[in-house]
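Below you'll find the structures, each written out as structure tokens.
Next come two complexes built around subunit A: one with subunit B, the other with subunit C.
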Partner chain A sequence: MLDQTPTSIIKARDLHKCYWVGTMPFPALHGINLDIEPGEFTVLAGRSGSGKSTLLNLIGALESADSGSIEVLGENILAMNQDQRTRFRLQNIGFVFQAYNLIRVFSARENVAYVCQLQGKGKKESMEIANHWLGEVEIGHLGYRRPDQLSGGQQQRVAVARALASEPKIILADEPTANLDSMTGRHLIHLMQDLNRRLGTTFLISSHDPDVKQAAGRLIKLADGQIVDAWDSIPKPPISLASACPVGNLPLTERLRNYFREMRNKVRNKKRHGNTRRHS
Partner chain B sequence: MSRSITALNSTILAVALRNLFGHLRRTLLTVGAIAVGLASLIFLWGFNEGLHRNMLGNFQNAIIGAVQIHHQGFFQHPELSRAIRNPERIVAGLEQAGVSRYSRRLETFGLAASDSTTQGVMLIGMDPTRERLVTELPKRIGIGHFLQPGDEYQLILGATTANNLQVRLGDEVVIIGYDRYGAMVAESFTLAGIITSGEMGLDSGMAITSLSTLQEMVDLPDQVTTFVINVEEKRIPSLVDQLDHSLQNESLEIMPWYSMFPVMKEWETLHNGFLYLFIGVVIFIVLAGELNTMLLSMLERTREFGVLMAIGASRRQVAMMLLAEAMSIGVIGIVSGILLGYVIILVTAEIGIDLSILLGSTSRFYVDPLIYPHLKLDHLGVTIGAILLASLLAGIYPAWRASLLQPVEAIRNG
Partner chain C sequence: MAETRQLGLLTYLALATRNLSRNRRRTTITLLTMIFGIATLTLLSALNDGWLNQMKTNFILSYTGHLQIHAKGFEASQNLHDRITEPEEISRLMQSYPEIIGWTQRIRTSGLASAGGGSAGIQIMATDPEQETWVTSMNQDVKEGGWLRPGMTRDLLLGRTVARNLGAALGDRIILMAQRLNGEMTSEVFHLQGILETGAPQIDRTLALITLNNAQHWLQMDQTVTDIVIRADTHDNTDVLFRLFTQQLSGLKYEIMPWQELDPMVRQWLEFSDAYGLVILFVVIILVLAEILNTMLISLHERQKELGVIVAIGTKRRQIFLMLLLEAVMLIFLGAILGYLAGSLLVYSLADSGIDLTRFANAFEFFYMDPVIHPQLTRNSAMKILGATLAAALLAGIYPAWKATRLPLSQALRIQ
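This part shows the complex of A and B:
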């Protein structure tokens, strides 16, 4: 049973995540504990490689943690299978990506409406919802344009409208201003702040943009995969790489490769010892 | 809910179609390859069918007809003792079955003798009027004329036989044979016509006279050995069944042309078999081409699929998107291929394909040098079905690969 904080919409406890490049381990998150309240406008700040995107991906049920637990809206998302996670994302979480990631063959309106159609809504209703949310992000007049006919800022607004269209409780935005100029980025953040205030949707944004950090209702600082109180505080290092990245989490192919390598070494050692005995 | 599922499916199809039009050149190349492949197959089927119809039509029209009726065992042992004793019952049976194009024949063996030599022949007595309804033999008389009603002791010989006997039009030819009692008979005939068809089976070994003359010669008044019937190919099996049933007490053998000469049918089957092999090759090419296109499309859109999965599209929906794209390419290619193929068939069926330059002696195989392609719908159906299947197969692997994508990996690496 998780340590219950009744009002938390997101609860993470002792979260660990390690990536493997071949047999090389890269600890991305190390013992994260986090509580987010409903309606918060939270910014995850940190340098590149600090684990911001990994934490967002885990909370968004896009990836699995190596250990620890995450509850989102009271659901233990690590216990869900792929399809359950997909449904959970569709109903509860909206995503805004750094590179907008709109479907290029759809108009802005169709991009937004598509999420509603995935939820099972009819085409007409989906289009009406799309029009509403495009209006909310102040580009209702550009709904007919395709992504390549929109500026970066306009595309990111479409992405925000798409994230909101499924009426999620939580919006996760991964570096939403990174590809925008500072003025457009500021506009976008103000828009998200405004939506957060008016709709009460919880926003969790990862960014190292000073403007975004300034706008944060709550700032969570990440360094080397850990939450720190201040940028100058040194994160507590893992005892060892082996403790941060247990071999049990090594991908199957690498485990097999290691197994065969060990077998080969054993056979070689046996041969060598056999030869030595004969000589003696 | 079902309406919303339909709406989602139509959106999936819309994504597929828009992606196809978004890469117009690539789509056109793939669609063009399918269309040209299908059009080639349609033309080959049409040509093949035209050739078969021509060959088998000529074969039947030359002398054997579509169906023959004999007394039981006559086909294997053509003896006068196996003559049909009651031809009127067969006539009644044929008329009941709605068959109007039939003719009677009396067939036996004999020896044709001229002043200089003799040659064994198959002696056929034909009804000069009705024979025109079942075969085109009269058209193949190159010298002289075919038998006329009332002709007595007039003879038609093939060119090779006439040449071997060294006889000309108007010469006397003596035919020696046996009557129904086994007694030797000999009669003198006048050569009235010579068949110059170029076909081996017709130009040698046959001597044709009028039915009444031969009946008189072998002393079998009003009796025949063979009924020859001409009906459309597709009606043959049902007619044989019908006649088998209605004439079951008459001790007859009712034989379609392919039972009498199975080698011709086998040749047709073998020829079609080669075409099926060719279809296999074309379909493999279509499959490889379309698979290449679909894999490219999948790899290009890896990020898009990752995003779709992240925002809530299921793996099945992502896979359906690629399958819809593959099937759309297939359908567009097939429609274009059918149009192109049909135009080719229509044009060539109108003007014919002249093979005389390629094949100097095709008439030896009952083939006219001018072939008119003809497309059968079942051949078209098989080909379209196979190409659709190939399109589906071309979509399955990329769709499966796409459905296994992990959203984060796909967005990061796409």
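This part shows the complex of A and C:
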């Protein structure tokens, strides 16, 4: 048994992972030690290739470490076989992926209900649960749509609902905002923060998005497979959607774009009114 | 920790159906290929069954009947001493079986025929002219003259080739020579009443047909016979009757022979045809299997990431296996049923008119075949085709399904 703080929900010790391409080694993690407590909203930050996704995959029992140990919810997941890991993931971990990764042939509701059915719930009950969680992520009215009929942000909300539907203790999100525009990304982070506060679900998010880092309760910075920095952020209110994008806070390029859009609309309106007068 | 359970069959079916419809063009092309393959297989199979059935019927009706009962050892010895001494007892037995539509008693022996300056070795067959018409179609094979008249007539029918070899014409006196039961050689004068043309060269070359009453008197056989020939209502009932007679007459001095044993060459030819049918079945199924395997592997390649995600969120690998297997089985089964229906329609449209191969009639005669082949759907062939298709479905599905369970999860999730 590892020496763990009683409250730790995730505990990693001296984790090493190396990928091989032919005979070429590509080290991904170098002796990672990590403790996550229940209800944390932790962000793993770092550049591409720093080991964020690998660490999430190891914690999520998606792959095995070369050495070291990981305990999640007190279970030594490295000692589990494939079926045990699958069952463990289904019962305890929700995943949100960068590219949404919804099942294309299922509707949004069916995507969410699918995990409930995997847990052995009946179809009707699963659909009710799906409706509830789609409502929680504010797209309850889009449940009948298939992924290709949803925007990126809507798809990622479905993915969050799917992750929550199995009522996991932990949600692992790998670059959840990377494929979204900044506004949609902020909405999503706000939503996840809100769920974290209300439900107490532990979130571990890998991202290099400044908005995500800003929202972190704890920020862990990785570089070259090692934790190089970690700090708890000053407690702050979640990003308010009303104030998430005040014009004054927008970057210069977006302000310019908005300015030109307004100008263009004015010109169009002027032309339209002019034509109407001539016809009358 | 709560146990995960199997997904409901409806979920598997929904997934399989929708996955098949995600690339409609590919699924349609695969289905059309299958339908064409299975329809062709059904037609070929029906043609094979059709001509095999004709061949059986022609063979059985031309001479042998479905079953023959002899005294033990007669078929090998062809000696009149190996005779049935109480044929009436066996004949009475016939009446209790509704599967029998006719039977006749015969005497068979070898002999010599002479006419004018020529002579030829012959197979003398004596039969009851009326009973014979219930068992074989020999009376319809009389191409010149007429059928045997009942009673103690001196009527003789010769096969076309024997008659030609003897230079005999209708009404000619023909002397037949044979051995009596007591071993003495004896000869008798007959009148050529008709010429038979059965289409089977070995019969037309040797047959000399006389009445049973005359032969029993001439060969001093009293009321004894060498063969009792039985015709069943269907070919399939041959086996039933064979078993029944074997049970009823076991321990007695009889040998019961189904038609397959009476002419080894015909039996071999039928076995060869069955084997040929199986080869066609095998080739078509292999082609179908290759097509499905290709489709499934391409589909698997395209869905690696999705399958990785499905496993990541908690689907067991054996559930993935079932999902993919079900897709292949559904695809093949749908193709097989539609293909079989299309093939059946083709068969029904050709069943009455048949396929006319008169150009090759001479070659077919040797094998008791008609020049017009009528395709015929049989339950046996349907079971073979659908069974082989299901086996192919499982084979074509198992490999991609197994491959899907071996997908490295982390690699699958990294696919862009």
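The rule is short, and it goes like this: the second predicted complex is superposed on the first by the 229 of 280 C-alpha atoms of A that agree within 3 Å, B and C clash if a C-alpha of one lies under 4 Å from a C-alpha of the other, contacts with A are read in each partner's own complex, and residues count from 1 in each chain.
Rule of thumb we're sticking to: contacts are C-beta pairs under 8 Å (C-beta built on N, C-alpha and C of every residue); 3 or more make two chains touch, one makes a residue touch a chain.
Model, not experiment: these values are computed from the prediction.
Chemist: Mind checking subunit B and subunit C on superposed subunit A, clash or fit?
Modeler: With subunit A aligned, subunit B runs into subunit C, so clash.
Chemist: I'd like to know which partner A:Lys123 touches here: subunit B for first, subunit C for second, both or neither.
Modeler: both
Chemist: So, A:Lys221: does it touch subunit B (first), subunit C (second), both, or neither?
Modeler: neither
Chemist: Does the superposition put A:Asp83 against subunit B (first), subunit C (second), both, or neither?
Modeler: both
Chemist: What is the contact status of A:His16 with respect to subunit B (first) and subunit C (second): first, second, both, or neither?
Modeler: A:His16 sits against neither subunit B nor subunit C.
Chemist: Of the partners subunit B and subunit C, which touch A:Phe97 in the superposed model: first, second, both, neither?
Modeler: both
Chemist: If you lay the two complexes on top of each other, which residues of subunit A touch subunit B in one and subunit C in the other?
Modeler: Correct list for subunit A: 57, 60, 62-63, 82-83, 86-87, 89-91, 94-95, 97, 101, 103-106, 110, 114-115, 117-120, 123, 162, 166.
Chemist: What residues on subunit B touch subunit A, complex-wise?
Modeler: 1, 3-5, 7-8, 10-11, 15, 18-19, 22, 303-304, 307-315, 317, 406-408, 411
Chemist: Under the definition above, what is the set of subunit A residues touching subunit C in their complex?
Modeler: Contact set of subunit A toward subunit C: 57, 60, 62-63, 82-83, 86-91, 94-95, 97, 99, 101, 103-106, 110, 114-115, 117-120, 123, 162, 166.
Chemist: Under the definition above, what is the set of subunit C residues touching subunit A in their complex?
Modeler: So the residues of subunit C in touch with subunit A come to 1-5, 7-8, 10-11, 14-15, 18-19, 21-22, 305-306, 309-317, 319, 409-410, 413, 416.
Chemist: Spell out the residues on subunit A that touch subunit B in their complex, using ranges where they run on.
Modeler: So the residues of subunit A touching subunit B come out as 57, 60, 62-63, 82-83, 86-87, 89-91, 94-95, 97, 101, 103-106, 110, 114-115, 117-123, 126, 162-163, 166.
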